[in-house]
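Below, each structure is written out as structure tokens.
You will see chain A twice below: alongside chain B first, and alongside chain C after that.
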Partner chain A sequence: MKLLVIAEQRQGKWNNTSFETLVAAQQIAAATSGTVSAAVVGKSVAALAEELATKDVAEVLLVEHDLLESYTPDGYCTGLKQVIEAATPDLVLFPHTYQVRDFAPALAAMLGKGMVGDCVGFRNEGGKLVFVRQMFQGKTVADVTFMGAAPWFASFQSGAFRADLLTAHRSGKAPVNAAKVELKAADIRTKPLEMFKEAKSAVDLTQAPVIVAIGRGIKARENIVQAEALAKAMGGEIAATRPICDEGWLPLERQIGSSGQTVAPKLYLALGISGAIQHVVGMKGSRTIVAVNKDQHAPIFEIADYGIVADIFEVMPALTAELQKTKG
Partner chain B sequence: MNTIVCIKQVPAKDAPLAIAGNWINESDIEFEMNEPDSYALEEALRLKEKHGGKVVALSLGPERVKQTIHEALAKGADRGIYIADDHFAQLDPLGAAKVLAAVIAKEKYDLVLTGLQSDDCGFGQTGVLLAGLLNLPHATIIMQIDVQDGEMKLKRELEAGWFQWIVCPLPAVLSIQSGINKVRYATMKGIIAAKKKQILTVAKESLGVTVEPTQKIEKIYVPTKTKKTEFLTGTPKEMAAKLVQKLRVERRVI
Partner chain C sequence: MTIQREQLEADVLIVGAGPAGLGCALHLANLITKHNASGAKPELSPENIYVLEKGREMGAHQLSGAILDPRGLRELVPDFEKTAPLDTPVTNDGVYFLSKSRAWKLPITPPPLANHGNYIVSLNKIVKWLGGLVEKEGVNLFTKFAGKKLIYEGHGVAGVLTEDKGVDKNGKPKENFTPGYELRAKVTVLSEGTHGSLTKEMVNRLKLDGLNPQVFGIGVKELWEARPGRIEPGFVAHTMGWPLGSDMYGGGWVYGMRDNRVSLGSVVALEYANPEFDPHEAFQKFKTHPFVRRILEGGTLVRYGAKTLPYGGWYSMPRSYVDGALIIGDSASMLNAQRLKGIHTAIKSGMLAAETILEALKAGDTSAKTLKLYKEKIDQSYIKEELWKVRNFHQAFHGGLWKGMVHAALQYISGGRGLVDPMRSEAGYKDYAKRNGNGALVDQSTRFKGDGKLTFDRLTDVFHSGTRHEEDQPSHLKVRDLDICSSRCVEEYGNPCQYFCPAAVYEMVKEGDGSKLKINAANCVHCKTCDIADPYQIIDWTVPEGGGGPSYDGM
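Moving on to the complex of A and B:
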């Protein structure tokens, strides 16, 4: 099987999920006696292509064009369609990033193909590749297979594979070949303007040793004081899942997950958090995870070191009292 | 500004999921409007309030999804289109987009909105695929829409706290990021007004769309645990004491 990984860079900097996807590709290639190529897209990105060439890949495709300097879905779809038609891979893999979400399904559809997005793993079942992805907010997983002829398209979720397992090229370096693409300014209908960050955060959750995070189980804004009291007693910071910040109950800077902060504190206490994947990718690297949820089947328990199946409104005050009682 | 909002109906957040083959057993569970789509609907209603025009709520699925279209009408959508398909759950993202695109192509519109992704399948592909099928520009994960002089200035969310402004011509397809706005509740007046609003029913078969599946969900199942979780038991007070002891002595994290 011929695999092609579309690595992602922005302004000359890698999106590191690219390397995890490269690991996934190497593992699929090993399971199917296949080969892995990788492509990097942009303008003046030859140095990045050289870096990819030091990994265990058969070839690196350097996809450069003035009109690919800034990402646009039209530019990437039009350009990568030509690359895929010329390279004829069986399986095209992407890191499941916000950028990939923005264009990859359309690219696949341009070639009359579907895409299995946001996968967390794969299996080779007697020569047939089975992709594993989550459904129902992580409460279930699904085995998905491709139908119809190659090329097939899939993306892998951040954290699904370990980038440190990436193997280096056996004899030093793979060839870097320029992939010719033709693009016209008229092909690109949207115009990207400046990138920016919102006002600087007052709190840096990535530096907090202890995080007490709340989810939908907190039910109402006025209940947050109970979680804040517990966070204070633990010497930690308060944080939340996306829906809580969407409600405006806590500022966005306290949001943990794929669209917020990624944290790895010593202790992560998840209160009334079901464990939807968008949240879990932002905290699963925490050293110790404690989950309190009244639903014993909540997916958060799959990654918890300690679990308490109970009403958070009974546990929060009990924990706060216990911490205050036994303090120093 | 005429907007079509694609809305999916999904199992309610707290619905117990009984797995049945490659889907779930749908009997005896409640369904609700896919939460990310409620933000898209709200954005369409706000654009209408600002720029005039009509809002059409479009949904695809078995008979029950009409309830969700009614809810959109009660919140302020002007009319609904219901595409009847009892086997909707077996459509892949491209198949569902082809069916929706066939209906959208017959409408007059400036903008098509979708939510970011569905809370059941979570593919997050519908908006991007619709744009491709309708040959329209698109953008996803949108946090702000400013319409001016026949085009839109859009605030797109990137990762790790970054954003980007982009300019996009109309007509277009946008996927709305959850949290872009504060979603309204239907008022009593709205609920009464909705009773007079029209829902056009279209049979999927009448569209003449050939849907060849590109992927198949073979089965769904409860994930196997990768970590050994130690469950603490007792009264809340006892569990709290045990946990504090473990975090202090065994783990030394507090």
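Moving on to the complex of A and C:
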């Protein structure tokens, strides 16, 4: 059986699941007395191909093209279709990455073949290769096999095989051969833009020494700026009860309570929070709790160290102004 | 967006792992084992039975009193007394009439409420145990997966789509999006319990309604740990009267369990006139009655829950078989409203369904023609014997408690016939009295708060139900026309959803000069009251992402 592993790189860096898939390929090859080739796709990735060649593979295919510099589903499908048609593997394996999920099923469909995605193992049952994949969130596993003629397509889940079991090439190095692909700019319908990293949500409420939390007493979205100003003056983070986040007035990651974060800051200022148990379980460990509420019977006062029975719209600006004064 | 769904095929797909669904699964697995051992063809396998359960774990959504008439369980698991988690046998049994401050024990316990030979149990524990037995037989149990949609084919049903997982508030797929499975089965068994969402849709779509519409009660329950010596294990009290008026149908219960645990609750028929009636508050008041208070005082609340129950009985049964599908248990109106018991009939209906399914699989014909056998089996079983005798029972109380007592007595001596047979009924939401424009926005802070020791507000109770839902998902409570809520309903009924929901899901909030409905779906304890009691019938209770909902440990 001829196996071909499509290794994944981005901007010259490997996706390490590729090596796990290579291990899977080596084990399948061992079980079926087959051979493993690997392909690397991109532009100026010869160094990566050389690295792959030091592993126990029969051949490394270097699939280079200007139009493959950035990933596009059209570029990868059109290019790899040509590679597969030329190399005639029986089984094409992918690491089950986001990118593979995006293009591999389309590639298989272009060749009129099926694909078994997200496998966690395989078995050789008397020459018939059976793939194992999880279903129902891992509550059960299904055995899947291919019908019809090769090539077959499958991808392996991250962590299904151990990359450290990858064996090195026996005689030092496998040959690296360039695979010719023809691509036209017109084939590619998507236009990759600059790569960017999603701005990480900076807030980690569990690390904040001071938290200013708002509840239904804030009444309207436009009033939140007042609480935010106070939080800033106190050098703290703003947080809220479930109803506020449920309305979308603050993001979910700022929700404190049983269905949100559990926090224990040095100072917790609860503004217009009644003190429902769902909220209290998320903040009762705070060192000092200060509560402001119009309703003197609000349960929040039972756990507060300091309580102010007052309208938060009087307290917030007054406190903010006073704090700014002392800071000068 | 077209979604590619994984397809799986089973012989039998059971939706809902309660006493009915598990009774069906276990009995069928046993029958299949026997069938295979006899060498008969075709060979069948319990592995081709799938059970879906929306709860986080087995039993998570089971809520009942519960007093178990062991008849059904004994047939299913003959040696159940050795291994089942039966809490305690009933030893002391009484019916009490409550006034505001006093309690009178009826001199004789009416025979239908006599409970000697029965057990006080936690249905949660019984179902967990049953689930273990079912799994041992090789049946595939899938918790955290809900039946979202039926697959209709021809005149019947070909299976179920499970719910999509990983969809955000706005219906967009998240990073962890997993499309639901397309589960195809030769027979789909609906055992969703009270007012199942798939059952409701199928009964409407295929016009399977019984003679009467289904009518429901809502049960609100708490589990307490009392101070030692306050109540004997095996003590059973059913109450009538306060805090309910004689124009309302319902009552309370207090059961003594092992380890000083107390199961207590109250049930009210969802067919009352006052749209501001709050079943949760009525239950809280019930606890302040000296009869209850002296048991609970100094104890602690362990758990809370609420669930509806189908009262309609025989005349409210939908047609329970179609091509490729059966309805069993509470979904099929198997509960005996007079005896307040439905676990044994649920199990029995599941077993009869199992026997029918085995015949159908053997014959290779799962059309209504073969599945009709289920109905014939019901008719010949003690389910009919029991339910036929009380076929007019609940309807009799529609004119109030006292008239109902007279009717019920006449029915009792005439084998269920009484003065009118069949007595018809109407859906309960039609009983609300209109408010004629008195609806005003209720200040939530004036609602019942409780003292935090004996009585609690709804949010505190919801906390004790262990309810959890993924927050970032579309609301599973679908209101078809929100304008009705902020216009007509305000005027006509004053938004009863704010009152009948025992989990504070529905809330009217100010918007401009008027108000709008806010749905706190994450609080939902899956009782189905909203879908039943909404006066305009515009609320559809659908399944949330699997695993969401209450966690009724020990309930």
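Throughout what follows, the second predicted complex is superposed on the first by the 199 of 328 C-alpha atoms of A that agree within 3 Å, B and C clash if a C-alpha of one lies under 4 Å from a C-alpha of the other, contacts with A are read in each partner's own complex, and residues count from 1 in each chain.
Methods note: contacts are C-beta pairs under 8 Å (C-beta built on N, C-alpha and C of every residue); 3 or more make two chains touch, one makes a residue touch a chain.
Because the structure is predicted, anything quoted here is derived from the model rather than measured.
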First, second, both or neither for A:A24, with chain B first and chain C second: neither
Touching partner for A:K191 - first (chain B), second (chain C), both, neither: first
Which of chain B and chain C A:R287 touches, first, second, both or neither: first
Which superposed partner A:P299 touches (first chain B, second chain C, both, neither): both
Partner chain(s) touched by A:M135 [first = chain B, second = chain C, both, neither]: both
Of chain C and chain B, partner touching more chain A residues: B
Partner chain(s) touched by A:G307 [first = chain B, second = chain C, both, neither]: first
Touched partner set for A:D102, first chain B, second chain C, both or neither: first
Touching partner for A:V45 - first (chain B), second (chain C), both, neither: neither
Common ground on chain A, meaning residues reached by chain C in one complex and by chain B in the other: 135-137, 139-140, 142, 242-243, 245-246, 252, 258-260, 277, 297, 299
For the chain C and chain A complex, residues of the former touching the latter: 6, 8, 140, 142-145, 178, 181, 445, 449, 452, 459-460, 462-463, 468-469, 471-472, 520, 522
Of all residues in chain A, those that touch chain C in their complex: 135-137, 139-140, 142, 242-243, 245-246, 252, 255, 258-260, 276-278, 281, 295, 297, 299
Contacting residues of chain A [partner chain B, same complex]: 15, 73-74, 77, 97-99, 101-106, 108-110, 113-118, 130, 133-148, 189-198, 201, 209-210, 216, 234-235, 242-243, 245-246, 248, 252-253, 258-262, 266-267, 277, 287-288, 290-291, 297, 299, 301-311, 314-315, 317-319, 321-323, 326
For the chain B and chain A complex, residues of the former touching the latter: 11, 13, 17, 19, 22, 24, 35, 92-94, 97, 119-125, 128-129, 131-133, 137-141, 157-169, 177-179, 182, 212-223, 225-227, 229-232, 236-237, 239-241, 243-244, 246-248, 251, 253-254
